[in-house]
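Once you've had a glance at the structure underneath, I'll fire off some questions.
Each chain gets a letter, A, B, C and D, in the order it is written, and its residues are counted from 1.
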Amino acid sequence: MNRVRLGMVGGGEGAFIGAVHRIAARLDDRYELVAGALSSDARRAASSAAAIGLARSYDDYREMARIEAGRSDGVEAVAIVTPNHLHAPIATAFLEAGIHVICDKPLAVSLAEGEALAKLAREKDRVFAVTYTYTGYPLVRHARGMVRRGLLGDIRVVQVEYAQDWLSLPVEAQSNRQAVWRTDPALAGPAGCLGDIGTHAYQLAEYVTGMRPAALSADVTTFVPNRRVDDHVQAMFRYAGGARGMLWASQVAAGEENALRLRVYGTKAGIAFDQQRPNELWFTPIGGASERITRGRVQSPEALHATRVPAGHPEGYLEAFAQVYTDAAACIASGTTQGDDWLTTVEDGVAGLRFVEAVLRSSGGDGEWVALA
Amino acid sequence: MNRVRLGMVGGGEGAFIGAVHRIAARLDDRYELVAGALSSDARRAASSAAAIGLARSYDDYREMARIEAGRSDGVEAVAIVTPNHLHAPIATAFLEAGIHVICDKPLAVSLAEGEALAKLAREKDRVFAVTYTYTGYPLVRHARGMVRRGLLGDIRVVQVEYAQDWLSLPVEAQSNRQAVWRTDPALAGPAGCLGDIGTHAYQLAEYVTGMRPAALSADVTTFVPNRRVDDHVQAMFRYAGGARGMLWASQVAAGEENALRLRVYGTKAGIAFDQQRPNELWFTPIGGASERITRGRVQSPEALHATRVPAGHPEGYLEAFAQVYTDAAACIASGTTQGDDWLTTVEDGVAGLRFVEAVLRSSGGDGEWVALA
Amino acid sequence: MNRVRLGMVGGGEGAFIGAVHRIAARLDDRYELVAGALSSDARRAASSAAAIGLARSYDDYREMARIEAGRSDGVEAVAIVTPNHLHAPIATAFLEAGIHVICDKPLAVSLAEGEALAKLAREKDRVFAVTYTYTGYPLVRHARGMVRRGLLGDIRVVQVEYAQDWLSLPVEAQSNRQAVWRTDPALAGPAGCLGDIGTHAYQLAEYVTGMRPAALSADVTTFVPNRRVDDHVQAMFRYAGGARGMLWASQVAAGEENALRLRVYGTKAGIAFDQQRPNELWFTPIGGASERITRGRVQSPEALHATRVPAGHPEGYLEAFAQVYTDAAACIASGTTQGDDWLTTVEDGVAGLRFVEAVLRSSGGDGEWVALA
Amino acid sequence: MNRVRLGMVGGGEGAFIGAVHRIAARLDDRYELVAGALSSDARRAASSAAAIGLARSYDDYREMARIEAGRSDGVEAVAIVTPNHLHAPIATAFLEAGIHVICDKPLAVSLAEGEALAKLAREKDRVFAVTYTYTGYPLVRHARGMVRRGLLGDIRVVQVEYAQDWLSLPVEAQSNRQAVWRTDPALAGPAGCLGDIGTHAYQLAEYVTGMRPAALSADVTTFVPNRRVDDHVQAMFRYAGGARGMLWASQVAAGEENALRLRVYGTKAGIAFDQQRPNELWFTPIGGASERITRGRVQSPEALHATRVPAGHPEGYLEAFAQVYTDAAACIASGTTQGDDWLTTVEDGVAGLRFVEAVLRSSGGDGEWVALA
């Protein structure tokens, strides 16, 4: 098995999405992270690289692109996890160097910038992935397959929303690091909530339905005083064939966590998906009972393509499993051989066996009470 | 950062849990898999090792233990992912060689075997983790913390259940590989459903409540004709302080996927957890409103210890993210530079920017309809 | 206790909403139905009146208004349950006769008609209730109370929707009686889905928030070919204080039953209500855990005002209870003294007592198995 | 239509279940309440009767039975809503008088008493209904129908539970009226939680499955100090054909409201019902997707038999509707002609029409913003 040699720009210590990208690259063991310009600050770039055991560290992405392109063991692909305004120049540098790009969304801070990137990627014949994460869920893919197979009939209505509450208060003024750059037009671009999560909602609707609106009517608002970008977006859609849609995205929807929800209604049936419960997809024919389709049980090729664990083992099961491993690693590293408070050890294994024997004994004794001691 | 050098016994091609263990070990980047006896069949061991790019491959776990123990870069820990009857001999071999053990559950096929392992682990002063996966969920840990902090008061009632339906039919006769060994007493031990999932339920209840039943009364059943082990277990518990409990585990509960559910009721409040929705934990005081505690929002140290992504990003978000990366790797490997049907590419990124600009234009124009082209 | 003497116009045999109005009037025993013009067809009026044991039957509502107004025991109030186009003339006739009016919604087929009714009601000093049913839920009233008490802070965002699928197909062409008049502009007025359910959604949002939009932008659609009124409505709202809102109502939302849902987000917290689960209301402060407020547990005066049964006894408990009574009445009427298949009889009561005694005996015998015979 | 002439014993002012029985009798208009012995205290009997406008009031149920039996317009049936210890003597008196009986559960305080009642009812050939309320739900009846039609296959596992928390604290010592008699063996009989709600759970399981356990093993507990009856019950069941079951009932399950839940698993499929959400029933075939069957959509004869309102109009819709009527009655009675804070009036109707016109105007103007004034 050959792993793709991966580089990363951005994602130094304290960054959120960089660590997520690294886990994502590691999970299926298809990448090997070998180089990075994790920060433009030389010292921070070096210490961040050391912390994750990175082989080659740079503090200038242009130099990184140039040098890596010249090495026989140089990176084949680069992951770009910086604030939005740097996506385009970095992607350009690596495309020019003939390196594939995996870029966080939104692609760029303007349409013109984005179109130039698309053109360059075609010219250079490089893979250019944009991490619209929510398309990676097995049931999102299954939903798309259902639409394609005509199970919904012709689509009439699309309702998509993405609601969060973490910008309900002026947290950027309290130097919440995620909020600061996302509300600074110089770093995030002119669109705030619209670019950050509105684009996710828009893309998800298109990914599943295969339909792009022909026209829209929108109302964009900024609720929090002194905020420099929008924090609430409403729009109505008209599709070519007569379908209608609505989208709203808000980062001031008090109480909502990360509520990306899609509902699609056709001439035969409707579906509903909430990424906060990604293991279930609802399907209801006109006048019929709702079916709760679950990841793992559903056997469509598109769902299986993205499924790692069986039915009822929710996505997240792998993380719980990883936690046990990680706790064990901590005990190993620290010499805590009898386990710490987290780790389930051989003693817990023995307790389970004691339970098994007691159950068999009680059941064999017609339900007599058996002491477990 | 130093990674733990890990070996694996079992988990060759076609095995389920071996691959899960490898993902779990990789996710947090705390392990490096360097050696394995993935099968006792030499040819299969070799091809399985090659498929995952393993450095050193063995077909005899005893030899592996001996040789690895003698190398300066030998494995520090071994993951045991074989059928149950081999857990004890393999673990013994590696403990004797001074190597830490991470073992799947149930620990062994008899209480005596298990107690011997526990004794040996203490003598050899080695970490011996048993992968009770469900203890790795942040909200399971938070639940345990709530009990410890007295938020439930004194515990009166424990209800735990683990229901599946995958053995409702005699699938072992149709050579379902997972079913065959789990229903063969020679490989699985004398307990079927009881050992396979009953022990999980039992352990989860104890992990959260900190209480072990003093006595139990049980009724064990085999529903499927010709099955050689139990497939349904019922038990009632009495705890030392007067608390009561019930446990049922079934692999013939038609319609259930992997329904491990725990409810604990105290003198002040009750909690409920369903591992099929691991991102939420319910807490209700006597006479009060239920609170839906979510992973990511809850800030207890025990939950944060096991949390990787923010609120509303369900466990599983990382897998969706990984899927995008994996799809990109496939395109890179195959030279499908303009993306395949799965991958969201720069063109999708451009579509998002086109949406952003249209929204801003419409909203600026008092909601005028703007074509999206 | 004095009951209000009630008359009814419309609601003859085969009508849906008339029977609902009668149950509603009966439930709390505050009305006595004494007269009606249940149909404009004389024969049908008479047979419908006989079927429900009505004292005085008319076939002309004008005559009914005149005669009843002249009797000392005449109706004090009239319930109007006809198709929309008759609401205004009937209400006018009864108001002119000095009789209170309870009218189904929408009030009338035009704004001018409605305003005239409002003016007349004020002049005649009569109660004029419009049955916006959904305002009668205890938790809708509690939600309104929460807004008033400032628990949400200042309201920023209102999302309301009302989705059904029963008009997804051209059922009016198959002489679905409910569909025929609702899609005939001569009977229903110019608004289809908009008048039928859009008004409910609009009113619910206002009832809870206390806010009426200052302006709206709308897109009204008819999806089903040859339908003469709209079947899908989308609108965006702007409120005076800067708040924003969206409303959609659809009768072609495949799979939806009667999904009237309201979400309100303020500067402190958000709430969510789905009338399909009217016993629960969700409340979430910014960044906090969601609270499931349940009818019966919540002790606000506005909720208690409309609550009949304790917590956990869902609305509907009364109907289940009524069903037992009704089944008993059927047995009594038919002389089926040993009960039919539905009714739970004294034999079922005995079975319960047998269970009680067996449980006490087993528990007294340390869990010995006791035969139930 | 002839209504059954009904009498009532018990249910005077301050009683809970008496009022519920009266609403239940009224809802479908099949009964006319004409006489009662609402209290054994003469003064309270009279004032209670006056409060509900009862024609004939007694303070001695024996006298009532005797006199009513002698009148040509005497009661045909009696509803018994007293504490448990009086059920048997009262039922006996009315049966002896040839009057049908509708009795609250549990039927009596001992099995012997109950068997005598059953015998007497047969001898006297009278209808004797026991109000096991939960059998009245349309979806409980549909569930029974599904079992009968073989949709579950042969039943293997029955799990039933009934959990409340209202007796978690010693509320009987604080003179909670409902608690006082329910925890007094002289009034409630020897079984506390067991008789009060355990019998409901037991009966529901039998009603749906058609199976009665052959044997049980139980453990009964009293958690609250000084309580004189049990407040927690656990039992395991064995059925004749080899099926297994568990039942638990608790009134100290902190956080639970009125959680009567039934799950039944067969050789083909499983079902789940929670009376707290009585409008939905879950059906899942082995290995398949869960179907959410909803009252109103499901068209089985047994469900239709007990259904009053269409799909999506939850049970409870009728109560919301009744609330509007009741609020209108209050306004009529008090002369509050312009409506109070609760009632939706003609002005609200006008607001709806204003909304309709604004929507039509905006949509006609290509979504132009229209002021609502």
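Rule of thumb we're sticking to: a contact is a pair of C-beta atoms (placed from the backbone, for glycine too) under 8 Å apart; a residue touches a chain by one contact, two chains touch by 3 or more.
These are the chains along with the protein names UniProt gives them: A, B, C, D = Oxidoreductase domain-containing protein.
All of these numbers come straight from a predicted model, not from anything done at the bench.
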| item | value |
| --- | --- |
| Chain whose average C-alpha position is farthest from chain C's own | B |
| Pair joined by the larger number of C-beta contacts - B-C, A-C | A-C |
| Rounded Å distance, chain A centre to chain B centre (Cα mean) | 21 |
| Chain centre separation (chain A, chain C; CA means) in Å | 43 |
| Centre distance in Å when chain B and chain C are each reduced to the mean of their C-alpha atoms | 48 |
| Numbers and ranges of chain B residues touching at least 2 other chains | 217, 219, 236, 238, 256, 283, 287-288, 290, 294, 297, 367-369 |
| Interfacial residue positions of chain C with respect to chain A in the complex | 152-153, 156-157, 159, 161, 165-166, 168-169, 217, 219, 221, 223, 232, 234, 236, 238, 242, 244, 246, 248, 250, 252-256, 265-272, 282-288, 290, 366-369 |
| Residues of chain A that touch chain D when the two form their complex | 217, 236, 283, 287-294, 297-298, 367 |
